Each structure stands twice: as structure tokens, then as C-alpha cells.
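Each of the next two complexes has chain A plus one other chain: chain B in the first, chain C in the second.
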Partner chain A sequence: MNVAVAKTGKARALSDLFASAEGRLPGSPDVIAVRREAFEAYERLGLPHRRIEEWKYTDLRALVGEVLPLAATPDAAALKRAADAVKAQAIDGARKLVLVDGVFAADLSDAASLGSEATITTLREMLGNAANPAAGDLLRTITTDAVISLNAAMATDGIVLSIAEGVELSAPVQIIHVATAASASAFTRSHVKVGSRARATIIETFVAAGQAGAYQVNDAVVLWVGNEADVAHIRLMDDAADAVNISSQFVTIGANTKLNVFSMTSGAAVSRLQGWITLAGEGSELSVNGVNLLKDAEHGDTTLVVDHAVPNCTSREIFRAVLDDRAHSVFQGRIIVRPDAQKTDGKMMTRALLLSDEAEADNKPELEIFADDVSCGHGATAGALDDSLLFYLKARGLPEKQAQALLIQAFVGEAIEQIADDGLREHVIGIAERWLERRQ
Partner chain B sequence: MALLEVKDLQVRVEEREILHGLNLTVNEGEIHAIMGPNGSGKSTLSHVIAGKPGYEVTGGQILFRGEDLLEMSPDMRAAKGVFLAFQYPVEIPGVATMTFLRTALNAQRKARGESEYSTPDFLKKVREVSKSLNIPQDMLKRGVNVGFSGGEKKRNEVLQMALFEPSLCILDEMDSGLDIDALRVAADGVNALHSPKRAMVVITHYQRLLNYIVPDIVHVMSKGRVVKSGGKELALELEATGYAQFEDAA
Partner chain C sequence: MPAVQETVDRVKRIDVDQYRYGFETLIESDKAPKGLSEQTVKFISEKKNEPAWMLQWRLEAYRRWLTMTEPTWARVDYPKIDFQDLYYYSAPKPKKTISSLDEIDPEILKTYEKLGIPLREVAMLEGVEPKPGEDDPNRRKIAVDAVFDSVSVATTFKAELKKAGVIFMPISEAIREHPELVQKYLGSVVPTSDNYYATLNSAVFSDGSFVYVPPGVRCPMELSTYFRINERNTGQFERTLIIADKGSYVSYLEGCTAPQRDENQLHAAVVELVAHDDAEIKYSTVQNWYPGNSEGKGGIYNFVTKRGDCRGNNSKISWTQVETGSAITWKYPSCILRGDNSRGEFYSIAISNGYQQVDSGTKMIHLGKNTTSRIISKGIAAGKSQNTYRGLVTAHRKATGARNFTACDSLLIGDKCGAHTVPYIEAKNSSATFEHEATTSKISEDVLFYCIQRGLSQEEAVGLVVNGFVKDVLQQLPMEFAVEAQKLISISLEGSVG
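And now, the complex of A and B:
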């Protein structure tokens, strides 16, 4: 890409965007300097496009075009609309932490009920604390690209959650992102630190309030899991049908930990979940699973790097995509096994189910193995529903769409059943069922 | 009115004609056996009655209680009371047997305008039916036919037959892949379900099955037609003489 291309009208508009937003971006002068630097990095790159290898199948210049202006701070009416959405999305028993249009909404949240089990602050508060010389680090990540830089520059708020050593959370924490504005962007960044021997379930939900549409979400989560901890991280993205959701996850896992990650995509016109998970301590078990349910012309991308940096860890990845109409799914999964990471056991399986001749699935599994005593494997398939199974079900009285729905549920079930908690698993099955009902 | 009337049925698969004017009439309560050599069109007939895709009906008709079956989707045929017991029941990983049974039963009832079973009522019914057929509860806990032996798969077909209460059961080569004990168990299940209101059409290559399910009428198929019909003694005659004599008759 040459400089002339980078400096298009859109790039200049973005500079205006940053300049106009700057007054609303929290941070001490040091933090603002980090933001400026990040924005300059973004400006040099522009939105990712197909000639950037990692974004080959998800050309944001073509799919999104431009970044929308920052959403206004939600007013009373917006918070009221958000409250209804929160009510609908709240998971029974979970403690809610709500971000509305990128701003923490204390009145809609249950922060106080966490008591001594965890400390919660907001990103806004942390960044604004001039006494904290390391505040700028909250905007730095182990790896970066244009959308991550943009997030660092523009993040207005987020949850900073710390669960102390040895604590077992008595209820899941649910971070709910609600969009109430149309044609605006929300940038959020959250940090979750789970102490050694702690047990926790963290749920993230993305949803639109009322008629909100055509908005853009750019979220980042930094998750740190201490030694011997046991953590489940469930992400449920059901943004508006014409919205954009780009999310980045940075996960570091200590020794002898168990981390179970699940992601469900059932909304947004364009979405990408990109994750970097580093196994940094020996003896840990990582399970990463996901389901993308895509219809119309939706584009859903899951890009994941699992980095075995130390020996004796296992990782399992099961991904399923269901594609109707002209939908397009992308799965890029890379397993890295560093030279010292002997006895690594890493497996990755991705399958796409195409319900229409016009749907498209791109699967790109990669293994980068630098150690010699490892067991690693991957598999990828794409195909239609099995006609002989469909006929069997129809011959037993199931109408076509219902027969399809039963087989699709079985297909995604292989990933969903990795969720250990019965209630959460049923909740996710319910999301898939409702998606399937809309087809009938 | 006959339960099932197949009149001058002509069926093609791709460019090849498999059935060339087949006639068959089945009344309520009757047990029919259809015998014939490989390739005579026995299974094609069962598939066309059930509505399996891939067959082109180029002539004739199939009436079920006077209604045109060929105009109905496979699920509608099932709701009307047509049941095909598959020669090779498929395995459906990830679909729990109980979910499958409940969904299918309620779909049929809904199509007939009947009320759907509640979960407790359904469970009660499945327990009754499986008990009467000596089907272990353990089988119901697995995915549909997943890891089932040949005999278990056929028993699962019989269980569905008992649960859905069809008026016409077509058993396609029910004996294939079964040892003699499994065959007897499956046949006992079928016999238990025979009633004055329910007809059975038993498709088989060998006379052996007919020792357990005794037909009222035996039809011999050859080259896409019924070439001879008679009483149960016809099956024994076939066993002694083979199918060769009918090859010319066709």
C-alpha cells in the first residue's frame, strides 16, 4: 500500500474524528500521549484490507468503509432503553456490569453486590488517575494491529475487574455491552484479572437496545488467569443485524489452570473476534470453542492464535459455523508450539455447515511447531446437511425446516456441549434455537 | 376403500426405469409380503411410497385412503399414517433419541390438528411402549441409533412404529444384517403391533422372515412388476424353486 492510498478522504475524516473526540477521552496527559501514538499507528495503517495477510478474508475497507463518529454519552432516554435490553439479556443470578454506548452505567449494574469477592473499577477512572504512572499500560497489548490501535486511541470506558487469590465467585459476572445509538461507534476495553486458585465465570454480552442499528463496536478484553485458577469465559454477541462488531481478546494463562472459553455469534452484519491466548505456565488445560450462526449477507470471522509458550499444556478448539443465504464465515486458527513447549497436546477442529449454495466458508488452520515431542492436529470441513439424515427425519413426520433445525442443533451442539455449566449451556442452546426458529 | 392402492406405477431413477406398471392393493389389517430377487424394485417401491427424493414417477398413482400420496411431502405422509421401517436406519449423532421421538410424534400430531404431548405425558407414553416391547431404557438415552447394533436399530424402528401408531407399516428388508435371535425379537415386536386396523407390507429377499411374520398375501416382484400373488404357501414354493421361473414371466 502506498502513502497516497493511505491518505484518502476517509483517513482525514478519521483524524477529525480523533480530534473531535479527544475532549471526551479519559486519561491523564501521559495517557493522552499513549492514545495519540496509538492513533498515529492506526492512521499509518488505515482500516485493514485484504492485502494484509491476517485480514485477507475480512476486508474492512470493503465491508465497513469508514469508522463512524464516537457515540454520544448516553442520556436518560438512552439509559432507559438500555435498561430494557439489559433486563432481556441478564443471565439468572449473574452480577451485571453494564456499558452503554461505551460508557459504564452504574445504575444498571450490580457492582456493589460483588462485595469483597472482587474489586471493580472502570477504565475511565483508572486512566484518569494521574497518580498512577502505569495507567497508559492499560492501553498497551502484547500484539497490535490497526483495529487494536484504534481501540487504544478511542476507548472511552471498560470494566477493570480483579478477583483475589483463592476466591470462588458465588455468581457469574456478566459484562453487558448495550448499543442505543444509530450510526455511531463505541470503543471499550476491559481488564479482568483472576488471582491464583480463584474460580470464576465471566460472561460478555453484546446487544442492541430497541431499534439501534448501523452502529460499530470495537472492544478489547485483556484477561489474565493466575496459577491453579479455574475460569469459564462465555461471550454472546447478538448485535443488531446491520451493526459491526470487532473484538480483540488477549489472554494469558498461568500454571495448572483450567480455562474454558466459548463464543457465540448470532448477530451483526460484519463481525470479527480475534484472540491471542498464551499458555504461559505448565500443566494448564485450555478449551476454546465457538459457534457462528450467520444469515443474509452476514460476515463472521473468528481468528485465533493459541500460543503454547511452555511445556505440558493441552489445548482443544472446536468451532462450528452455520451459514444461510449469502453469509460468509471465516475461521483462522493458529497453534504455535514454542521450542521449549515439549509434551504439548493441541487439537483444533472447525466445521462449516452451508445451508445455501451462495454461502461461503473460509477455513485456515495453521500449525507452527518448533518443539519435537508434541501431539498436535487440526481438521477443517465444509459441507451441506446430509440428505439421508434429512429424509429419515422427514419420513418420521418432521417438516423440512424442523428436520434441518434438529440436525443444525446437533451440529452446533458439539461445540456448545463444551460449556460445563448446565444453566449457561441451556442458555446458549436457547439462543441457537431462537436463531433457528427465525428460519422457519 | 382400500388403505393403499398402487396403480400402474412407473418410476425412473436418473434415466433408468425401475418400476414398469406396478399394481398393489392393501386393505386394513392385512399382512402382505413382497418378495423378489435383487434389483426387482422392492426397495424402490418402499422408497417411493415414503417419498424419498431421487425417484421420478413417470406414470400411475399411489392412493392412501383414496388420497393422492404422491402429492404429499414425506412428513405429511408420515402424519397420515405411512411408516417406512428402514433397511439401514441412519445414525444421527448429537440428536438425543428422546428429543427425536418427541419432536417427531408432536410434529405428526400437529400436522393432524391434534394436541401435542406435554413432556410428562410423552415420557409416560415412551415408558409404556418401550416396556411392552422389552426395549431397555438405556437405548433411549443415546443419540439416535448411534453405536446401536443392527438388532438395536431395528428395535428402535419397531419402537417408533409403536409410538407413532401408523396405519400402514412398510418393513424394508427388515431381516438384513440381523442374526436369528435379533430377527426373532424384531419380528415379535412387529407381530405385537399388528391389529385389524393396521396393515403391514413386509419386503424381503428370503422366506426366513416369513416364518416369524406370517403374511396373508405374498407377491412376487420381478423386473419392476408384481408377477404373481398368492397365499403364504407361495413363499414356501419360492424357497423351493427360487426366483428363476419368474425372470421370464416378467
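And now, the complex of A and C:
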């Protein structure tokens, strides 16, 4: 079969890549052993393809083909370009933590201003600490697949952020991933730990600096939220139009916690956000929302598993996809209710709006339920803009495109509204508006 | 609080041991040697006096089957089937022509009696011609093609159907008498290479029904067939082919019961429906095969491929199923909506109790313009069972104006069971409108409290709620089946339904 042949060819290319990158990958000998193991797991599997159920609609072998070599450590010129991009993307008042081509850029970051509110280290530092026997665990996750294994093998850096118990962050923390190199890969992995009763807003931004394009991003975030904490996590992905962004999130939530997650995709040729959220403590409220704005031949995939492992938790998911041209959106959502997780209340709603006859929306909302005293549901719709609504607006003098924009804004608004912070919500609405303007 | 303790206890108590239809008819049968080989395929073909092309077709399917592997994607778990340890053919010894009930094998008669089929109907089932004047014109007529194990024992109402031009006969006979129709349509909806079990069926199918309704004819009666898996260790491989020519209408009923057994039995049927321009086919199933005992031992493996092809414009195919039996169900009645303005419907009640595993659903494949489909699925899981809805709705790029509505609801009774929903929704053009909703819940305490307050017992209240829960689907069944289906639901959930 040609698949096997393709794998052999690419595996060889990638082995070379790992061998050549190995000298640059941080880590004590123990950590390097974990990396090697992860890399072998990746080599066995190769890039995910449509025969693997979880990747049925996102065939990376067809869409991406091969993994690009590791990006070079950014030089002064690259950092200069990154600084401009950071300036454009920085959210007012937020403390920036910047990763350029997969390497932490201290000069562009405001790590110091966090003061005593949080401790910040880099993944590079943690992995290189031979005195820490558990350093290798930073590269291990509860769930794994080929891209996660590849991330574990190749991660060059990341942010390790820890917010102490009871601390209320005075300003949001914004992790900015900047790509400056073309035709190269960046592998990052960050760990965020929010202590009990703490309050925090974490923003993640993915952007390209200047003309950077055709690059690949493979990011992983491990988020741990303590009991009674209140956390907002917002992810804004606006990578270059020919870039690839594959991100994995691993979230564990304690008891009586509030977690509000939002993600916006408005860039990258191929993107996938895959998340595993485990409700591990009772009485927690989880809200997960997202908007995918896709045009041209963009492919945007959101795959999410919400695992109710304990009783008495609530989860709400609202997803919207707007598809223009030949865009392809994928939403795979799964709600698992474990045998003991009685009184679970889980709802998931996903809707796709097709603006073009060549667009494609694939939805796979799953329920997997092992407890009886629960209330779970999901809804999914796909369709075009309502003609009668368009007519109504046009009859009142709005031009076609503007009428469409208004309706689209209302459509994605249902998900964006879930962001609690006024300033951040406005910021996200702004991104959607600019996307709509570009369309006109 | 989980489902009322009383309910849970009673469900546990009734188990599935009390399978009402678990009995064995002792009649001599004509068996093929155990195991599967080209010889077995030839034996079956020879037994049926089949023409050479049919044997060739079977052999090709068999050779392809050898190259295939068993699918494992469904959420079902069972020991590996030894295909060499099964009998692939068994037929009751041929009987002389029957002119009165007395001539029918009393054993078979008893079987029908236990199934609750009235003697008068048995007479019809067994092909006894009613005396003139005995016929009650007010009584709705059902033509029954009784499949007793693998061979159609008798076919009734043949004359009346013939007058209308409808061909309704065992498929083995159709192969001999209407080879042009069979050759044209057999395997045109479910090709021999379709899937592991469909291919196996193509190689060794023993019998089944064949229906052809000529253009413009509205079939004068409901067509019905009873399947019984009777012989120990006999894989039952039914093959049904229904063709509704232009502007015709036919309603087909299929009901199944099987005796109690220790070893698992395999049932891999294939049903193909073809609807031409303006034609409509309504296919209803009530399935209550032996689900295994309280330890999950025994029971039927039901791996069925059912597919309808709306080949013509304005055609319609409707599937209605009530699934209460079988240890394992793996079944996805589908519609290919090829013709413009064609319509597909799927109404399903799947009840699992004991250790039953159900992985069932449908596929609606929109290819033509302005095609519509509707899916209503109700899953009820009790005991230690697992109940999965798996469905696909897809609109092709050229299927402009495609519409689908899906509602799949699950009800859980007890905390040891699981209910799962795995829908795939693929929209490939902007004018397709898809709506999907799914809910999973238990019976609301408030609703139960309300009923009990008004003087109903707990069990009656549960019964009322469950009946309401499945009402949308029951309403789709032809009247004859609706009654049987209601009975089945209460047997399946006995203890939790009043």
C-alpha cells in the first residue's frame, strides 16, 4: 500500500531530523530517554491519517505530508521582527510571555512584573535540571497520539507557570507564540498550575511575524486548576495563511471550580485543536466555547473530550464555525460520563454556517454515558444563512455583504458572549469583525 | 437519585431468562455439513436447484470473503466467532401440499401457537386455503411468507397478489422463476463486496423474501414474514430483495423470534430495497430474538446489513424498527437518496436489558437534489446493557437543498448500563440544512411524582413515561405490529414497565 511506502520515506527523513535536532533539545539524560521513547512511538505511528478514527476528517498525511525540520534559534533580526508582532498582538494590561520559534524570549516578556503573584520558569530550564528526577514527567500526558508523542520528543521550550493558592492575578497573563522562520517547525509545551482559590486569566496567542509562512506549530498545554479556583483560558490562533497549527490541551479541574475556556481560529491552512478536559472534583462548572472562521481552502478541526469523572458537575459547550470558499471545518466533541458521575449536567451545541457551496462541515458530537441520573444532550446544525433574514436586512437598505456580516456576527456572537471579561470579549469581537471586513 | 430502586430490582429479577419464545421445535432437518468451504456454498446452491450464474455469484462472494477481516469498530464485545463451527444450511424435510391444518406438522403448529399467532392466521401462514364464505372482509389481510429456519414453509395470498401483478415469493424460487429481475437487482444496493457479513451472506444465503411491485400498483395488502432461528448452531442467512417499480407502494413487515439456546447463534441477513420514480417502500421490523440469559450467556448475534436505494425521483423509503432481542445487535438500516426529491425515514426503538449490546443506527446519504430525511431514534438501556446509536448523515456536493432532521434520545434505567450516541454529520454544500439533537436522561422524578400523586403505581407511572418516550416511533408501525411491539416493550422491560 502506498501509505506504508510514504511512511517509510518520511520516517527516514524524520529520523534524520530527530538526530540532527537532538543536540538542541534540552534535557538531562533521563529526559532524553523519555524523548527517545516518545519519538519511537511517533515513528511507529507516523502522521495520523483518515483510517485512525480520531483523525477521520483531518488526514495529516494528505493535508500536511511531512514534518518540517526544527526552526533555528531566533537571531537578533528574528527577535526584532517578533517584537513588532508582539506589539501588535499584545492585549492591553496583560503580562506577556513570548516564545519565538519555540524559544522563550526573555527580553520581549514581562516575567518580572508578575512579582510574587506567580512563579515562572521555562520548560528548557526544568528539563535541563538534572537534580529533578521528575523532569521527564513534564513530557508525559494522560492521553497520547502521534502528534503528542512528536511534541514530547521535540519540544524545545515552553512556559511553566505556577499561581499560588489564594492569589488573584492583578492582570491577565498572555503567552504569545511568534513564528519568524519560514518552512520550519516549532515544538512547545507549557504547564500552567493554578492553586486553590486562585483567580487567573490566561491568554494564548499564535501569530506570524512579518512575512513568515509555511511553518508548522505543534503546541501542548497542560493546565491544572485547583479547588475553588476561577480561571479563564482564552486562545487566539491567527497563524499565517499557509501555516499548520496542531495544538493539544490537557486540562484537569478540581472541586467547586469555575473554568471558562474559549478558542478562536482565524488563521492557518491546517489547524487542529484537540483537548481533553477532565472534571476531577465535584461541584465544578465548566464552560468551553469556540469560533472557527475559515476561508479559502483552510481546514480547521476542533476535537474535544469532556470527561465527567465525578458527580455533580456541569459542562456547557458552544461552538460556531463560519465557512467560506472551499474551507473545511471539523468538530468532534465527546462527553463522557463515568459510572459514578451521577447528577452530571452536560450540554454541547455546535453549529456550522456554510457561506459557499464548496465548503464542508463535518460534525461528530458524541455522548458516552455510564451513569443513569444525568442530563446530557447535544445539538448540531449545518446550513446556509437564512434567506428571509437576509431579505429583511436588505429591505432595510443594507447591502448584501453587510447584511451577511451582521448575521454572521450574531451567529458567532453566541459563543463569544461566553467570555466574561468585557475587554477581552470586545477584543475577540474585533478579530471577528476584521475577518468579516477582509471578506468584503 | 438513580432510577427508582423498585424498578431496578424488578428489572434485575426478571432478567432475560423469562424469554417467552425460548422453546425448540423438534423436527427433522436437512443440514449442510458443518463449516464453510466452497463445498458448502455448492451444497447450498445445489439444494436450491440454482442456475449456474447464481452459484458463480456465490462463489465469487465466498472468495472475496476469504480476503476480508471481521470489522471491530462497533461498540460491542463478544468472543471470536468460529465460522467453521457453524452449520450454513438447514431445511425442514419437504412436506406434501397442504389442504387443511391437520396436515401441518403439529410441532410447527405448536411453535406458532406459543408465539401467540391465532390458529386462523396459522392456517394462512401454513398456506391452508380458507373455505369460501369463511373470509371476513373487515379483517385486514396480511400475506405471510413464513421463513421457518431457512426455507419458506408456505406462501399465502399468492393468488390475490398475482392478480395485482405483485410477485411475492421466497427468493430461492424467484431465482428460478424470475432470473431476469433477480440478476438485475440482487447485489445492486448491497454489493457482494460491501462488508464482511454482507459478503458472507452473499456466499451462503439460504432463503428470504422476494417482492416485486409492478409500475403503478399499490400492493393490496401488507406483506409479512416471520423469521425463526430454530436449528441449533445454524447461522441464519436471510436475503431479502424488494423492488417497487415506478409509482408503486408496498409495506413489508418482518417479525422475528427464536428459541432459547446456550451457544451463540449468528444471524447475518442482507435486505435490499429499490424504489423507482414515485415509488414508496415501508419496511417495518419487530425483532425479539433470544438475548441471552441473566449471565449474558447465549443469545443471538445479529449482524445485519439493511439498505434502501431511492433510485428514482420522488421515491420514498421508510424503515421502522423495534429492537428488543439479540445478545448483540449490529445493524444500520440505511437510505441512499439518489433520486431528486426522494425521502428517507428511520424510526427506531432499541431496548437493551441484561447483558445485551446494541450498536445500531442509520445512514442517510443525500445524493440527489432536494432530498429529505428524518431520523427518530429512541434507545432504552436497562440492566447491564450497552446501547449505542451510531448514525451518518451526509450531503454530497451536488445534493442541493438536502434536509435532515435527527433526534436521538436515550433513557437509562439503572446505574450499570450505558447509553452512547455517535453521530457523524457531514455537510458538503451550503444549501444543505442539517439539524441534530440528542439527549440522555433518566425518567424525571417530577414526572413520576406527578403520576403517582394521581393514583398510579410506580410501575404504571414508569410504563406511562416509557410509552410516551417511544410513542413517536410506535405510531409509525403498521397496526398489526404496533400491538405486538407494545407487548414486546413491556416484556423486555418487565418489572420496570407496568
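Points worth noting:
One rule holds for everything that comes next: the second predicted complex is superposed on the first by the 433 of 440 C-alpha atoms of A that agree within 3 Å, B and C clash if a C-alpha of one lies under 4 Å from a C-alpha of the other, contacts with A are read in each partner's own complex, and residues count from 1 in each chain.
We adopt the following convention: a contact is a pair of C-beta atoms (placed from the backbone, for glycine too) under 8 Å apart; a residue touches a chain by one contact, two chains touch by 3 or more.
This is a predicted model, so every value here is computed, not measured.
Contacts of A:E53 after superposition: chain C is touched, whereas chain B is not reached. Contacts of A:L398 after superposition on the shared chain: chain B is touched, whereas chain C is not. Residue contacts after overlaying the shared chain place A:R316 against neither chain B nor chain C.
Contacts of A:R439 after superposition on the shared chain: neither chain B nor chain C is touched.
Touch criterion not met for A:R61: it reaches neither chain B nor chain C.
Touch criterion met: A:D387 reaches chain B, while chain C stays clear of it. Which of chain B and chain C touches more residues of chain A is settled by the count: it is C.
By the touch criterion defined above, A:R140 lies against neither chain B nor chain C after alignment on the C-alpha atoms of chain A.
The residues of chain C lying in touch with chain A in their complex are 1-3, 73, 397, 400, 410, 412-442.
Those residues of chain A whose C-beta lies close enough to touch chain B in the complex are 386-389, 391-400, 402-403, 406-407, 409-411, 413-414.
Residues 50-53, 73-75, 77-79, 84, 86, 89-90, 92-95, 99-100, 103-105, 107-108, 111, 143, 160, 164 of chain B touch chain A in their complex.
Residues 53, 339, 342, 352, 354-384 of chain A touch chain C in their complex.
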